[in-house]
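Starting off with a structure, shown below.
Letters A, B, C and D name the chains as they come in the text, with residue numbers starting at 1 for each one.
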Amino acid sequence: MDFGFSERTVQLQERLLSFMDEHVYPAEAVHDEQMAAAGDPQYHPPVMEELKAEARSRGLWNLFLPGDEWGAGLTNLEYATLAEISGRSPELAPEAMNCSAPDTGNMEILAEFGTPEQQDRWLRPLLDGEIRSCFGMTEPDVASSDATNIRGSIVRDGDEYVVNGRKWWSSGAASPRCKVAIFMGVTDPDADPWHRQSMILVPMDAPGVTVEKDLPVYGYTHRGGHGVVRFEDVRVPASSLLGEEGSGFAIAQARLGPGRIHHCMRVIGMAERAFDLMCERVLDRRAWGKTIADQGVVQDWIAESRIRIEQARLLVLKAAWLMDTVGARGARIEISAIKVAAPRAATWVIDRAVQAWGGAGVTDGTPLAHLWVTARMLQLADGPDEVHKMAVARRELRRFRPGWRSA
Amino acid sequence: MDFGFSERTVQLQERLLSFMDEHVYPAEAVHDEQMAAAGDPQYHPPVMEELKAEARSRGLWNLFLPGDEWGAGLTNLEYATLAEISGRSPELAPEAMNCSAPDTGNMEILAEFGTPEQQDRWLRPLLDGEIRSCFGMTEPDVASSDATNIRGSIVRDGDEYVVNGRKWWSSGAASPRCKVAIFMGVTDPDADPWHRQSMILVPMDAPGVTVEKDLPVYGYTHRGGHGVVRFEDVRVPASSLLGEEGSGFAIAQARLGPGRIHHCMRVIGMAERAFDLMCERVLDRRAWGKTIADQGVVQDWIAESRIRIEQARLLVLKAAWLMDTVGARGARIEISAIKVAAPRAATWVIDRAVQAWGGAGVTDGTPLAHLWVTARMLQLADGPDEVHKMAVARRELRRFRPGWRSA
Amino acid sequence: MDFGFSERTVQLQERLLSFMDEHVYPAEAVHDEQMAAAGDPQYHPPVMEELKAEARSRGLWNLFLPGDEWGAGLTNLEYATLAEISGRSPELAPEAMNCSAPDTGNMEILAEFGTPEQQDRWLRPLLDGEIRSCFGMTEPDVASSDATNIRGSIVRDGDEYVVNGRKWWSSGAASPRCKVAIFMGVTDPDADPWHRQSMILVPMDAPGVTVEKDLPVYGYTHRGGHGVVRFEDVRVPASSLLGEEGSGFAIAQARLGPGRIHHCMRVIGMAERAFDLMCERVLDRRAWGKTIADQGVVQDWIAESRIRIEQARLLVLKAAWLMDTVGARGARIEISAIKVAAPRAATWVIDRAVQAWGGAGVTDGTPLAHLWVTARMLQLADGPDEVHKMAVARRELRRFRPGWRSA
Amino acid sequence: MDFGFSERTVQLQERLLSFMDEHVYPAEAVHDEQMAAAGDPQYHPPVMEELKAEARSRGLWNLFLPGDEWGAGLTNLEYATLAEISGRSPELAPEAMNCSAPDTGNMEILAEFGTPEQQDRWLRPLLDGEIRSCFGMTEPDVASSDATNIRGSIVRDGDEYVVNGRKWWSSGAASPRCKVAIFMGVTDPDADPWHRQSMILVPMDAPGVTVEKDLPVYGYTHRGGHGVVRFEDVRVPASSLLGEEGSGFAIAQARLGPGRIHHCMRVIGMAERAFDLMCERVLDRRAWGKTIADQGVVQDWIAESRIRIEQARLLVLKAAWLMDTVGARGARIEISAIKVAAPRAATWVIDRAVQAWGGAGVTDGTPLAHLWVTARMLQLADGPDEVHKMAVARRELRRFRPGWRSA
């Protein structure tokens, strides 16, 4: 057991920290000004491309992809600590490094399940940061945390598939830079629940694809946004299917593990950003003849924040290590547990930072309100906490049932 | 001891509930459409004036004012339960009834401390709903929860006062319908801290008054908004002073009590609205072969919500009763306590409703995300929770100090 | 709506407060010494009889019984505030006033359902404080929170009933002063679940009744204790049945409401006692150059304690008022809610007082550790919190089901 | 970074787990019977010596001591996981392995600071499990969490020191097997606060040493107990001083780190024991037609328990690793943080297990109530949570102060 980082990890961390200090943090205000000037939430501001070029030149590009063929070959554990750092500026750093959701997950499954043709058409430009992609799974009309509820359909018709459905929370869909959707839908309604569905690649400019609206999240809309996308009799060549018919659920599972770790580490980075902002504020602000940092309750927040962040981070890192050593199956409890633990720690810490900043915390004078919303969103995205806790409990209880054998 | 409502209260409650059902709830979508069509957060939509006319014709107008001279003559306790009901639609109902903050507080102090001339000029049109007003107390540069930190200045110069300062969170300031600000500032820096400040009436169109920006709250801007207002060498006649020089702090105190109760009751109304939405949702939504309402954890939320709302409401009602019977001084502990208890209960309940609604909870498909932000804001507005808890503790501890006598 | 107490209530409160100050608190140390000297947890110390005589002479006797025939004729609401005060010294004051559980509940059902003969034999000596009683409902082998699980049996055999079963948590059973048990068991296993059971009076000296052991609670055993009682072929005359066959469940329900309110008010008294002790301690103790009361976190505990106690108390009082005005059926949600809210507030407050007292808090230097255990026990006794919350949720959700009508 | 255990650790874990299964758990009932039969809380039951012999023969003896000279040479990290396992049966396993507090800490400082003579007289028999020891630091009359408050005195008089003071929470002092106390007291009241105190070895049979009483903890007294010890003009040879005059505070600091980790790991073992008991119970118990394990709220407890235990464990292990790699100074934040995090997780988990067991949880039918008390005690012992959080906050805030340099 060793809590130290490898030399390669430390070097990448330092490289990324420099990039954050020298480029990302200073770019935040520039980004906000360019967006405000454009007046269009789907505008792609020039500063973003500058950051991407800089990150790429520094070797901070596509670090999320585990394999050697397409990616940097980092382990989940190694990349996790970099994802955390990028989470300190979640609007800019992940995209600058070509490591934003949902593209990362989409690139992963294209790398693992895509045909050479699919990889040429979609994976390469995604890896180059030339286009973006979205993922169409959740549907507004059903409780999608039970994936068997999904109603979107993918029907074979000759050499084509006909895609129908209405998806929401398709992050990034509203951006003109989004060129492809991975759509999940039913191919065989009579199959058992876990083999009923498939995934298919749908170009966003295919006839029948409509981005109905961009969903605000607690008042925020941001670049790319979260789209409601209607697919109406969209026809794509049969070669657009990802993997085999009926493999949708399995691919979704494969996509989940690493994405979960990325999300959780980024949210810990958000918590650390909020922690720093809170500490700076309370040392600076005075009331009743002393700084706020001298108030016992505020010290309690700081200590609690450190304790909560530290515990959540260690749990996520352990989950990443398990992914690397025993695989997603062996890490199932941890993969569910971090989804609960990390956003919870983060929302708590960020909320205390908001409170410490007072009026400036809830408005746009700090990134805190937006960070909170992003972290809060994660308690729902990719399954609400309650579903993950049920999964943990079921698996834990299994050990205590008569006749149970470890396997 | 009697937990029943008086006949007059019950009649007013029923009248208001009918108004809510028949006019307010249906107007919510209309309001959102008119605002979206206008594309201007400061637009005053026609539906608002229709609601005001309807409320007035139904005798649901200016119910907040306790006295007989200007108001409906309801006690704090009687009005409290009406404020709660109006809080179920916080963007529309209070304004429809001419009972929105900050106008209510401003009208109260104009009624109590205003000269006949001040009342003619400002109180009458406010009572008629023809104009709106704002309150300039909090400043961005200091911890305003310690009111002695306030730096705005009001300097006598012949027959005029010269007003300087920068205020924020001046709710309503950005609306063109806002015609007057009550500004708090230092008149005598050498006086003891509690007599250093005064309040003065400043027309919003006076030279030197600038609304710098409208502060978003967790991404939301709404009609009137929360303004940052700069007062630069603004000259007003000496007759604009409210009360005497040095009475600013005392007037601010007088303004606090009833406003606190209104805020807290409205936030309980928001919690009840969220509670209803949660219950409706969980009975409607199915996953894993049963409704979400059959999930034990969801039932726990519902029970907890009921328990928390009920306790908070009773505490606020008791505070209102104390205000009516022993006055604000005798209700000091409760007036501080409700400021902590009510928004806490409400944010918890609303957040669980958000969770129950999933994706629809965090976006604009329900009023929940906005309700949460409004309730969360109250944990800061008018002093953060921590300041109110310190006040409760100090007062409780006093009883245990040697030589203490009840008084 | 009126939060003030009636004159009669205030007079009784003052009378009881004097009794507490002049007799009960001073008797606590005496009690502990007499018990320690006796070395027998079932010893009945002389100080107890002195307190009873004093209480009786002051008109503080049997105040719990609502009717005029047997009791003081106080409403539930009036008695509630007296129960709270007695809870400040829960080992002594309730017994001194002949208002301890489980005798109060037993006396209530004897008064309501007993035959004149049963009342003569058991109710009179109980009302006179000459004997005590126990209640045998919960069983160690089944989840008794689901009352249909109860397996004890009451079988008619000629002019007798034969009683069999094993009960636990029969409070008071181990005392030699306990002369009668009210036993709940199945009379007709084929009836519907709510008419399967009956209650019967069993003298503790009847052949076949054995007190197996006295259950410690977190290491504490106290006078009377919580017994495990075995009933083996115990024969009692048929006239011992309470009410009719099959009415056991209905009588248990009738017994519940007032007892719940007594328990909850006493636990609030415990919280107030702990609150006082906490305040006294923190003003007295110094560390790092200031009193502990100057520590912000400690002030937070004090404020939180006040806020939580006050809310819980109001909810219990409202439940009592509902019991008085609309009856137990109309108060069902509140009767469940207070069972969750009051012990929760109390355990929290007492635990913070323990923390404030440090080492003296967890040992016998203060009553705090024992108070905590008593309050914690209430989160299980008479149904765990979870069952009560399920009941609240079910009832709340009912309003939202299609076709629901208020009734 | 590697979350796997070394081969040596795994072997020791397996050896210890076998010992627990084969000897310790079966001995629990035997222990309780022998203690009950003896009727003396200071009785040393034969089963204890049998366990010690067995543990020693299996190489599970004195594993806590890090150095090679006296101990097993395990790192803090290696020993930590063994301490956890022993904590599953905290009354028996640590003592069986000669790894109980306060002896472990006393042996550590005797090994590090003792003279050969002191080591011969006290360390050897302690290492052999022949005698036990106690530690006298905390005093009833002052807030000892501020160590500068300590008033005990150690005054040089010729070749002797005269020791005076009254200590409490001297664990183990009441046992006749306790032969020596390490007493902390003031040698030079004029020195700076951190050099005022010294530690000295005092035989328990020295004239002037009196064990006044054994402190119950929430109703529990256990073997050895927590003594109140009076030292009245106790004369010991000058050679009894540990280290130099004025080094008391430094030795206390050195003693703290490893002991903190042992305590925290044992408390995690307690939580795991409670977790197992909870899972077994809820699968076994039925209500309303299903097992309690099928209740959503119970599943939530299980998942929450796993999440909280796992996070706390990782934090303690990291602290142990830091102790091993950068020393106690570099681990200061973590050493404070685990003192808050581990007992908090444990009390929560154990309390939920109590709730799941209902009546059997609060009485002696399970070890749960006693486990809870042991874990709760740790939130006070060795400094209350609040002091540790203040330490974390101070250290975290330091990084944000102007002119701060990492060192």
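As a convention for this text, a contact is a pair of C-beta atoms (placed from the backbone, for glycine too) under 8 Å apart; a residue touches a chain by one contact, two chains touch by 3 or more.
What you see is a predicted model, and the numbers here were worked out from it, not measured in a lab.
J.: State the pair with the higher C-beta contact count; candidates are C-D and A-D.
T.: A-D
J.: On a CA-centroid basis, which chain has its centre farthest from subunit A's?
T.: Taking each chain's C-alpha mean as its centre, the farthest from subunit A is C.
J.: Return the distance between the CA-based centres of subunit A and subunit D, expressed in whole Å.
T.: It comes to 42 Å between the two C-alpha centres.
J.: Suppose each chain is reduced to the average of its Cα coordinates; what separation in Å results between subunit B and subunit D?
T.: Going by mean C-alpha positions, subunit B sits 53 Å from subunit D.
J.: Can you check how far apart subunit C and subunit D are, centre to centre, with Cα atoms defining each centre and the answer in Å?
T.: So the centre of subunit C lies 38 Å away from the centre of subunit D.
J.: Which subunit B residues sit where two or more other chains touch them?
T.: 295-300, 386, 389, in rising order.
J.: Please name which positions on subunit D make contact with subunit B in the complex.
T.: Residues in contact with subunit B: 295-300.
J.: Can you name the residues of subunit C that touch subunit D in the complex?
T.: Touch list, subunit C to subunit D: 138, 140, 143, 145-146, 149, 168-169, 215-221, 226, 285-288, 292, 295, 297-298, 354-355, 358-365, 369-370, 372-373, 376-377, 379-380, 384-386, 389.
J.: Quick check on the complex: what are the subunit A residues that touch subunit D?
T.: 1-6, 9, 77, 276, 279-280, 282-283, 293, 296, 298-300, 302-304, 306-307, 310-312, 314-315, 317-318, 321-322, 325, 333-334, 336-337, 340-341, 386, 388-394, 396-397, 399-401
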